[in-house]
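Note that the chains take the letters A, B, C and D in the order they are written out, and that residue 1 is the start of every chain.
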Amino acid sequence: MIRVTVWGENVHEQTNEAVKKIYPDGIHAVIAAGLNEDPELKASTATLQEPEHGLTEAVLDATDVLTWWGHCAHGDVEDAIVDRVQKRVLEGMGLIVLHSGHYSKIFKRMMGTTCSLCWREAGEKERLWVCNPAHPITQGIDGYFELPHTEMYGEPFGIPTPDEQIFISWFQGGEVFRSGATWKRGNGNIFYFRPGHETYPIYYDDNVKLVLKNGVKWAANASRWQDDCPNVPPEKAPEPITVQGEGLHRPGEKGFS
Amino acid sequence: MIRVTVWGENVHEQTNEAVKKIYPDGIHAVIAAGLNEDPELKASTATLQEPEHGLTEAVLDATDVLTWWGHCAHGDVEDAIVDRVQKRVLEGMGLIVLHSGHYSKIFKRMMGTTCSLCWREAGEKERLWVCNPAHPITQGIDGYFELPHTEMYGEPFGIPTPDEQIFISWFQGGEVFRSGATWKRGNGNIFYFRPGHETYPIYYDDNVKLVLKNGVKWAANASRWQDDCPNVPPEKAPEPITVQGEGLHRPGEKGFS
Amino acid sequence: MIRVTVWGENVHEQTNEAVKKIYPDGIHAVIAAGLNEDPELKASTATLQEPEHGLTEAVLDATDVLTWWGHCAHGDVEDAIVDRVQKRVLEGMGLIVLHSGHYSKIFKRMMGTTCSLCWREAGEKERLWVCNPAHPITQGIDGYFELPHTEMYGEPFGIPTPDEQIFISWFQGGEVFRSGATWKRGNGNIFYFRPGHETYPIYYDDNVKLVLKNGVKWAANASRWQDDCPNVPPEKAPEPITVQGEGLHRPGEKGFS
Amino acid sequence: MIRVTVWGENVHEQTNEAVKKIYPDGIHAVIAAGLNEDPELKASTATLQEPEHGLTEAVLDATDVLTWWGHCAHGDVEDAIVDRVQKRVLEGMGLIVLHSGHYSKIFKRMMGTTCSLCWREAGEKERLWVCNPAHPITQGIDGYFELPHTEMYGEPFGIPTPDEQIFISWFQGGEVFRSGATWKRGNGNIFYFRPGHETYPIYYDDNVKLVLKNGVKWAANASRWQDDCPNVPPEKAPEPITVQGEGLHRPGEKGFS
C-alpha cells in the first residue's frame, strides 16, 4: 500500500465561483479520489489553511509520495515547511508537482532554476504525446491523449535537463511544452506533470487520473537516505595516515593525538 | 577580458592565527592574485563583511564569473543576496564553488540537494585524477596532480548527477571524492572544485591556480537569459484558436473578447 | 522470479591453469551460482563456444537480465549476436556488464564511446565506496567494501556521463575509478560493475555477490518497447492538414490523394 | 577559421527529378554554401560516391566539424568509414546530424539506441520552438521559427536523454518532436537538427542556415583526446603497492618482478 498525501492550495476553490462549481470539495479532494480508485494506493489530503499547512512531521512520516497543487498563494507557504518537505524528498519521499505548481517554492527549491514558462488561458485543445512508451508512468496510454480545453503552457521551460522526458504537449494555438518529466534528487523521485488548470475539470479526466496513479507508483521508494556531513576521525580512516614529520595518525602511534 | 569577482567569507583569516599566517590578506586575495596572473582575466574581491556582502547589483553587473569560498559563516549570508546571486547565475553569470563552499547557501540553492559529504582533518595527501583529459578545465594537467597535505572530503557527496565529471580524488586515508564536477542551470555554468582548506596553503599551488584559471574561462558566458513567465494572449498565439461554441479566439473574430 | 542469463567468454578458464583452479567450471558458473542463492532469481549460463554464443532468440525470450563477462575474445563475438542483444536491451532486457566487459562489443555499442581506461595487474587492494547509499544496488553495503587483491582499473574511463554514480573505487597503488554506474538506453537498464578479474576469486566474495543480486533486481524491467519508425499517413494525423493550394490532406477532401 | 566537411549521400539528387530541381548540385552543396556565407567558417563537401566516401584520414585531419545528411543509402556507408568517423568524434571532431540522418549508421553508433521516430510526408507546417534562448545554437532566433512545408517527424524519438534540449517542433498535423538536441560523447560535441527533407527547399531557409552556422561554431572543439587503454605497471603506480607475502611492488624491492 502506497500512502499518498495530496496537497492543495485550496484558495481558488473558496473564492472563485467557477472553480467551486467544478471542484466543490477542492481540487485536492478530486485528485485524492482518483488515486483512491486504485487498491494499491491510499491517498489523504492536506491544505494550505491547516496548521503547518497539514504537513506535520507525523503526516510526512506516513507519506510515501506527496503531490503538490498550488497557484495563487505560493508565497503563503512557510519556508520552514518547504525546508521540511525538501528534506523528506531528498531522503526518499516521492514528489509529484502538478500544473501551476511549477512556480511553487518546493519545485523551485528542488530544481534550483526559475521554472518559468509562457502561458495563455483560451480554453484550447492540448495533446500530450508519450516520449517513452515503456515507462511506468505511461503504461495504458497509447501514443497520446487529448484534453479538449486547457490553459496553455509553452517553452522555454526553465528547468534543469530532465533525467527522462515522459510527455511533450502540442497546443492548438501553436505552442509545445515538456509536460511530463522526471528528476532524481538525493534519494527522491520527482515527477512534474502539466495538466490541471482550476477552471477546467482536468482531474476528472481518465487519462490524467491514470497518469497520476502510474506516477505515484513510480515515485514511491521504500529506502531512505539521511546524510549530515559526518566527520571521520583519523583513527576511523580505512588506511593509516602518515603526515610528514609526525608519524602515523593512528591511536597509539607516534604523533597521533 | 573576463571579469571575476572572488568572494571570500574572510572570517578564519581574522580569527585564527594559523590561517592568518598562511593568508594574511585573506584567502580571497590569494585566489584573486592567482587569477590575475592570466592576462585574459581581471579578478576583484568581495567579502561577507562588506555592505550587501560586496555583491551589489553594480558589482554583479560587472561580473562574468563569481567564485565562492565560505566555511564557518554560511548562515550569515543574507537570503536576499543569495536570491540575487542565484538569479544572476540562471541568467548566465558563471559560478565556481570552492571547497567548504559545498555547504554554502548558494550552492545548496543551485543544486537543490543536501550537498553533504564526509570529512577529516589529518593533513593527509590527496591526488586529483583527471576524468576528462580534453576538457577545457583540465588543460595543462597531465593525468593527475597531488596536494601533499589537505583536509579529506569523502563520498557520498549529496549532489545531482553532474553534467560532466572532471576530477575524482584519491586520499591517503582511503577515501575517494568527486572533486571536480560541472552543471548547467538556466544559462549559468557551475563548477565545483574541492581543494582549498584554510589551514593549508592550497591556493598558492600551481595546479590549483591553473584549474581555477581554466575554470573561470570555461564558466564565462557572454549571453544572458531573463525569463519571467510571460502571458501570450490569444491574439498573439501563432495559430488561431477555436473554442467549442465560441468561434475563433482572434481579435475581430466571433467570440473573441 | 527474475530470469538471468549469465554470459561467459569461457576462454581463460580453458587455457590458463591459474584461472581454471579458481573457476574450474567457468567464471559464469560461479556468478550464476551466486545469483541462484537468491530465491527471487533464476540464473542460467551461456558461453561464447555455444551455437549463437548461447544467445538464441529463444534464450533471450526467456531472459529478463543478461550479465556479460568477457576479456580476451571480444573480437570473436559475432556482430549479428551483438545486434540481437542490443535490440533486446533497447526493448527492455536488463544488461549488467562486468569488469573487462568494459571493452566488449555490446558495451561499446550501448555507450557509443571508447570505454577505455588504464589498468595494472599487481594484486593490490581495492576499496569500493558507495556514492548512493539508498540506491537499490547498494542495499546491504555499509559505506564501502574491500577486495584484498584485484587488478586495478583507473580513470579516465571513456563513458558517457552516467545517469547515476553508484560506486567509486580507491586503489592501493593510488588510482581511482568509477566502478559502478548506470545508464538507461531505450527501455533497457544498464549497470556496469568493475570487480571481477579472472586470476582472483572475486565472484566468490559476499559483497560482490550481493551487489550482483541487487543489480539484477534493479535492471529487471517487465515492460517492452519495440519501435520501428512507423509512417503516419495524412488520414491518420490527429489534426487535418491543409497544404497551400491543395486543400485538406484528409481522405475524401479536395486535393487528398 | 572553423573547417567544416559537409557530407551528403547525394542519391536522391541524382535519381529524383523533383529533388534535382531543388538541389541541382546536391543538398550538400547548398548546406556548404550557406555555411560559407559566414567568414569564420570554411565548408567543403564529401559524398557517398567518392573513394572512402570522401572521408579519408587526410580529409578528417582537416575537419573541425562534420555535418551528415543521408536518407535512402545509409546501408551503403562502409562500416570501416563509420568506425573512422566515430573515432574522430570521440577524439573531439564536432558532429552535426541532419534530418533523416537520424537513421544513419554514425548517429546510431554514437547514440547506442534505435533513433526511431514516426513520420509523414504531407507538406505540412512546422514551427520550431526554442527551449534554450541563451544557447549558442539559438542566437538570432526569437522564440520560434516556421517552415511552411516539411515532412513531419514525431515522438517517440529513440534517443538517450539529451544533455540539452534546444528545439521542440510543433506540426500542423498534431505531432511534436525533439528537433534540436545535443550530446557530448568522449570529447566530441554532437548536435542533431531535424529540418531538411529532400523534396522541400529547407536548406535555403535563412533560419535553418543560421542554426547550422551557430551549430557548427558550438560543435567546434580545438582539443583532442586519444585513449587506448594504457597499462600502468607497478613501478609507475603513484603509490607503492604491497602485496601480502610478497613485499613491495617496486623495482628493486622484494617480490617485484
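Methods note: a contact is a pair of C-beta atoms (placed from the backbone, for glycine too) under 8 Å apart; a residue touches a chain by one contact, two chains touch by 3 or more.
This is a predicted model, so every value here is computed, not measured.
*Asks:* Based on mean C-alpha positions, I'd like to know which chain lies farthest from chain C.
*Replies:* Taking each chain's C-alpha mean as its centre, the farthest from chain C is B.
*Asks:* When chain B meets its copy chain D, do both sides use mostly the same residue numbers (more than half shared) or mostly different ones?
*Replies:* same
*Asks:* Report, in whole Å, the distance between the mean C-alpha point of chain C and the mean C-alpha point of chain D.
*Replies:* 26
*Asks:* If you average the CA atoms of chain B and of chain D, how far apart do the two points sit, in angstrom?
*Replies:* 30
*Asks:* Between chain A and chain D, what is the separation of their C-alpha centroids in Å?
*Replies:* From the centre of chain A to the centre of chain D is 35 Å.
*Asks:* Indicate the residues of chain D shared as contacts by at least two other chains.
*Replies:* Expected reply: 127, 132-133, 154, 156, 161, 163-164, 170, 174-175, 184, 227, 238.
*Asks:* Going by the touch rule set out above, what shape does the chain contact graph take here: line, ring, star, complete or other?
*Replies:* Its topology is that of a complete graph.
*Asks:* Where on chain A is chain C touching in the complex?
*Replies:* Touch residues, chain A against chain C: 91-92, 127, 132-136, 139, 144, 146, 163-164, 184, 187, 221, 223-225, 227, 238.
*Asks:* Write out the stretch or stretches of chain A touching chain D in their complex.
*Replies:* 127, 129-133, 154-157, 161-165, 168-171, 174-176, 178
*Asks:* Inside the complex, what are the residues of chain B that reach chain A?
*Replies:* 86, 90, 103, 109-114, 116-120, 122-124, 148-149, 152, 154, 156, 158, 160-161, 163, 172-175, 183-186, 227-234, 237-244, 246, 249
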